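One chain, chain A, links the two complexes that follow: it is found with chain B in the first and with chain C in the second.
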Partner chain A sequence: MKKYSQKPGEISEFSDLPFWKKADGVDLAYVGYGLLIVTLVVASYLLGMFKLLPHDPEEISLELLMAPAGTPGYLLGTDFMGRDILTRLILGIQAYFLPGLLAIAIALLFGTLLGVLAGYRGGWVDTAITYFTNLVDSFPRMVLILLVVAAFKPDIYYIMLVVGITNVPVVASLIKGKIQFLRQKSFIEAAIALGLPTKTIIWKHILWHNCKALLIIQATIGMGEAILMETSLSYLGFGVQEPTPSWGNMVQAGSNYFMQGKFWPSTAPALAILFTILGFHLLGDGLNNILEGKRNK
Partner chain B sequence: MKLASYRPIALVLARELLITGLLLFGVSLVVFTILYLAPGDPFSLLLEGQMPTEEARAGIREAMGVPKAWYAQYLSWLGHMLRGDFGTSVRTGLPVLAETLRVGFNTLVLTLGSMLVTLLIAVPIALYAAVRGTNWLSWPLTMLAYLVSALPVFWLGYIVLYVFMHKFGLFPLAFGFASSQKLSWLYFLLPVLVLGVGSGTISEVVRYLREEMGRVMEEDYIRTARAKGASVWRHAFKEGFLIPVTEIIAAKIPFILGGAVIVEQVFNWPGMGRMAWQAAQDRDFPVIMGIAILAAVFVRCGTLLQRVVYVAVNPRASKE
Partner chain C sequence: MKKIWIALLMCTILFAMTVASQAARKGDARQHGGTLSYGEYGRPATLDPITSNEMISLRLTELIFNGLVGINEKQEIVPELAERWEISKDGRTYTFYLRKDVTWHPREGEAVQKFNADDVIFTYRIMKHPKTITPLKVRYEFIETAEKLDDSTVRFTLKRPILNALAKFSFKIIPQHGPRNPDFLTREDPFVQHPIGTGPYMLQSITADREIVLVANENYFKGRPHIDRFVSKPFADQNIMTQALVYNAIDMIVLVNPRDIPEIQGNKNFILQPYNALSYSFFGYNMRDPLLADKRVRKAFTCAVNRQEMLDSFFNGQGTIISGPFAPGSWAYNLDVQPIPYDPQQAIKLLTEAGFTRGADGIMQKGGKRLSLSLKVPIEKESEAVKRVVLAFKNYLKNIGVEIKVEFKEWQAWKEDVFLEHDFDIIYASWVFDDSADISSLFHSAEIGPWKNNFGGYSNPEIDSLIVESKLTLDHEKRRTINRKLHALLAEETPYTFLWTLTNYTAYQKKVRRVAIHPYKFFSFADDWFIAEKEQK
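Up next, the complex of A and B:
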């Protein structure tokens, strides 16, 4: 239900100042924190990919069951089987990183395509696309995922395919709104009057120069949603299975020891989820305020 | 209201009902397609044990009146569904529709209750931030809303369960908590609170409402109202509050239903989400199909309601 709204001719649109001088301090702080989280996630993903880990993720040490954080050699302690939590957190990023990118790619690609068609063509194409987006929006995402899981198999890539498709309507409606707004502007009118091919107008003048920021923001938000979905489904038992670590199944496995008062093995991944999703949300919001000129006064 | 003022509402209602019907038709088609493409349809799954060879199975299919072509299958399924026959669960053998409606009521209570909780938390923050801007109180509150929205809801659920088991000596039974009669209302309230706080919608409600309210506050008619000394709140209510709130509620119903799947799992709440989870585990196709369709009906009803409110507030919109 995101609506695109922009007032023409805001001051920020014409000023030559670089964006970080025009921006609010709060927004810059949001973006800074978000970029920090993105860097950490990407770095950890690479560490996990090249197996540069402090411990073997499946190494069981029986003398160190559920060690608290700060135990020498085990920075974040160990879980109920004596496995290093830090190692498993780093490796847990593998569970959602590439699938999340797949979901984002699907959402951006098809969202842009449908948005451009609906915004630029209009008419019955617009009606058909509106029908499609309303149709996708009719399903609760979780129910659709459970349906796909039941029909095919509990595989993270199938799940992310659904996440990607269910994100298409948001991207499509944003792009459509943006195009309807841009079409009233004189530079698009001039481009049409000059006889530029439609392809150039759409690719260069609309998408490249005016929709870049919007797509980056949607990608950021999409990553946050992918993490949330992966962890939720791992919790429900349809995602990544033990002993392969994922943040969701770490929370789930650790929660069995909750009632004994052992919080940490479950809380450590929960905090990782919390701060990562927060980072992606704030990055998206900060970028939105800075690049799209929506200021909350 | 005069009779004439109901006309736009009736018009929109008729149009939206038509659209809803079309969309639900699409929903049934999508659900059918997914399950049609699934490897090993439920019917062959049932037969596998009894009829080992392909020829024997083909014979039994025809004998039992299962049509071959996809459109024939679809139409017969749709026809049964329109007559209220969603089939029977593969696992329990009970009729799907009756079972889903029975537990669906629990989910409805959970969803509506948690939505109320979300609004009770988010609306004051949003309105305060919209009126006063970013200050020492609204910024921490907004941050808190973000923080809470990023929490994994199942972890929050466990924390709440732990606190209530250890500090208050309540134990979860089949339906929430039921060890102390005096506190039995908790078995209803606790999951509602957890879903309301942890479903991840608070930050979006805050952001959207603040943006809309902030926009309305800058409109000319609000300035006029202020200059006249009239109540600003009364003038801003419709456009700045009623419309955005109904919009965000309608848009977030699918999201909260998804959260309900998880919260029902944590709290053993016998609702549609838990049933869907069970059905996905067992590959119980009739049940999961029924739930998907009922959930879509629920979502569409929310949108319908939102449209009606929108037109009631702004009759011009009926001519769009």
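Up next, the complex of A and C:
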């Protein structure tokens, strides 16, 4: 019976309506907020790149240690070395932007490759890949990162390399599951019957039309995860190292004064982390609902 | 009526006799009882005095064990397990007469054993065994033989007479029936986790949270200690430790973080007590680098750094700026030598004299070589003070046209870079000394090499001969004079930029009374501490 229940329009790509008309208001709000955050992140990245900052991020003033927010010239106050927190907050995104993209790229690229191989070829390839991804999955990620840091040096690119690699199994299993589900669909059967080359089926029919949303969501989640991972590592002292600012090492340095009532040096970067990660996750969630047309059902 | 009186009298006499036969009572009227729990930053790996190499276990072994001799609050050597001793005229044989009334802490299912000469010989043998891994081995190389004369007499023969040898017999004695392996001690031996000793406190248990619970030794030969229980609580975060003290979860912090001092200072419930630690911090230079081999460059760096400003800003001014290689608390420190003053102009002058000129990028250079150096720092979780000092250092040197690249490295990798590969330009570190004020391992040229303490490769024949002379002399005054000369010379040579020695503070609840502290062993006098009865919880 199922075979005949498939109608055009049920898969959102075939609908003629523009996506914002189909979408739920909540999802649009999610995506809107997410895009706002992405814009802010990109803007901060560019400001940092072109050195358009209120202060020199490494300018130390020992007379002005831990100045509270609102001190003239220092909107968000100063940190434990008397450096401007706002400047370092803006510059902090540098620590995540490119490394985060690297982690995402690795996870998506290799995850998709393995997922397609496992899902489409099946058989012994599937078994081998499943074993491999289980193996990677069974390593505690934190331990792996600490090992790499100990063996080389605490560099954010090394850390993100590990984050990327350890994310490969997640993407691979999602793609594999999706393909195994799609392979039973009639349109794939039809495509095979029509004699379309495998490459076209995989690229166009499977990845482009049916896995796009999934990959975008994984990418947005990946960025949030990269920031969180660096923050946890910073707490252990293995994150981005001074004098380079990162939100993680700013929270860590500020936390030493939190109990003494000087909350601003850690609160500002902590809120930045909160809103940014929230933004990426909501963007992912919203896009998922809109592209997959889930909420309407 | 009379009968009853006699019976009562007899009871009293009997009671008095039992007490007298039990153990010598302390000759004071302080109350017994109460628990003192103190916070430690981290957990000790082992609890025995031989294999342990960190301060947390050193402090615990001070409560559990005794040495042949001890030290009193005036830093004088006093009898402990040995009640008296004789030193031969040539200064090479030390004969110790041991106390006969000392018993080891009881172990379940075993009869209580008495301490005797065999235990002393056993401890010495274990310490010297090549398979025992202990930092003590090098320290006791000066002993040639140890022999038992009878059950309560031991004799040590020294390779050559040395100054202050008696103080070195304060090493802790472990029981012959303690370790499972009778030949050597490793960290796998159950003894290192469940030690028994002769000291005022006995290990009762280690809880699942790694709290170490010690109880008073009723049969302690100096008399039962006053406080019933000592509990060592591990903390993973220093901020929380201070809060734990403020909210009464613990009674004492061994070493208060400088940034928390104002918070405790303002609180009437606590006592903040300073104690002198024989340690100091420094920037150490790698003399293998031709740029740093030039004395003028090192001196310029020292001139460029405003040490007083750093001490005031980062440590609330709780410390002393030092001028030379000895800890200021020690007798060897030369107070006549003044620390090199902060003077950036002088620093630039010195660099110019050394042939450097300012390059187009503002960095000093000589022969096309930029004065750009790496500063390697180990990563520690509680490294905020370290971060502050190295970042400020970077900033000060930037002002005189020197570029410092701060590199943080994982602790083990850092140690290998500095002590094995010698792959660094500058390091920031601290030394902690014992009372012997021995700096030979830091600056003697024979100490250059893998895993040796002269990591900078500093070599100076004049210093070498002074160090040897100081080690060989038996006259305390003469030794002092030599050390003063050493101090002045090394201050001028600046193999390090000597920074400061920080004042250590312990903080404890007011209820703990008569607290006296040993500079680095800390609990040496803890058997005299007490908590007044009405304040015992």
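We take it that the second predicted complex is superposed on the first by the 274 of 297 C-alpha atoms of A that agree within 3 Å, B and C clash if a C-alpha of one lies under 4 Å from a C-alpha of the other, contacts with A are read in each partner's own complex, and residues count from 1 in each chain.
Simple rule for what comes next: a residue touches a chain if its C-beta (ideal position, glycine included) is under 8 Å from a C-beta of that chain, and two chains touch if they have at least 3 such contacts.
All of these numbers come straight from a predicted model, not from anything done at the bench.
Within the superposed three-chain model, A:F80 lies in touch with chain C and out of touch with chain B [touch as defined at top]. Judged by the touch definition given at the top, the superposed model places A:L28 against neither chain B nor chain C. When the two structures are aligned on the shared chain, A:A150 is found in touch with chain B and with chain C.
When the two structures are aligned on the shared chain, A:A270 is found in touch with chain B, with no touch to chain C. In the superposition on chain A, contact is made by A:P140 with chain B only, not with chain C.
By the touch criterion defined above, A:L62 lies against chain C but remains apart from chain B after alignment on the C-alpha atoms of chain A. Of the two partner chains placed by superposition, chain B and chain C are both touched by A:L236.
In the superposed model, A:I188 makes contact with neither chain B nor chain C. Once the two complexes are overlaid on the shared chain, A:I202 sits clear of chain B and of chain C alike. Touching more residues of chain A than its counterpart among chain B and chain C is B. Chain A uses residues 149-150, 235-238, 255, 258-259 to touch chain B in one structure and chain C in the other. Residues 19, 22-24, 26-27, 30-31, 34-35, 37-39, 129, 133-134, 139, 146-147, 149-155, 158, 161-162, 165-166, 200, 203, 207-208, 210-211, 214-215, 247-248, 250-251, 253-255, 257-259, 261-262, 265, 273, 276-277, 279-281, 283-285, 288-289, 291-292, 295-296, 299-300 of chain B touch chain A in their complex.
Across the complex, chain A meets chain C through its residues 58, 60, 62, 65, 80-81, 149-150, 153-154, 235-238, 241-243, 253, 255-260. Residues 1, 5, 26, 131, 134-135, 137-144, 146-152, 224, 228, 231-232, 235-238, 248, 251-252, 255, 258-259, 261, 266-267, 270, 273-275, 277-278, 281-282, 285, 294, 296-297 of chain A are the ones touching chain B in the complex. By the touch criterion given at the top, residues 239, 242-243, 259-260, 263, 309-310, 313, 379-381, 383-384, 387-388, 390-392, 394-395, 406-410, 412-413 of chain C touch chain A in their complex.
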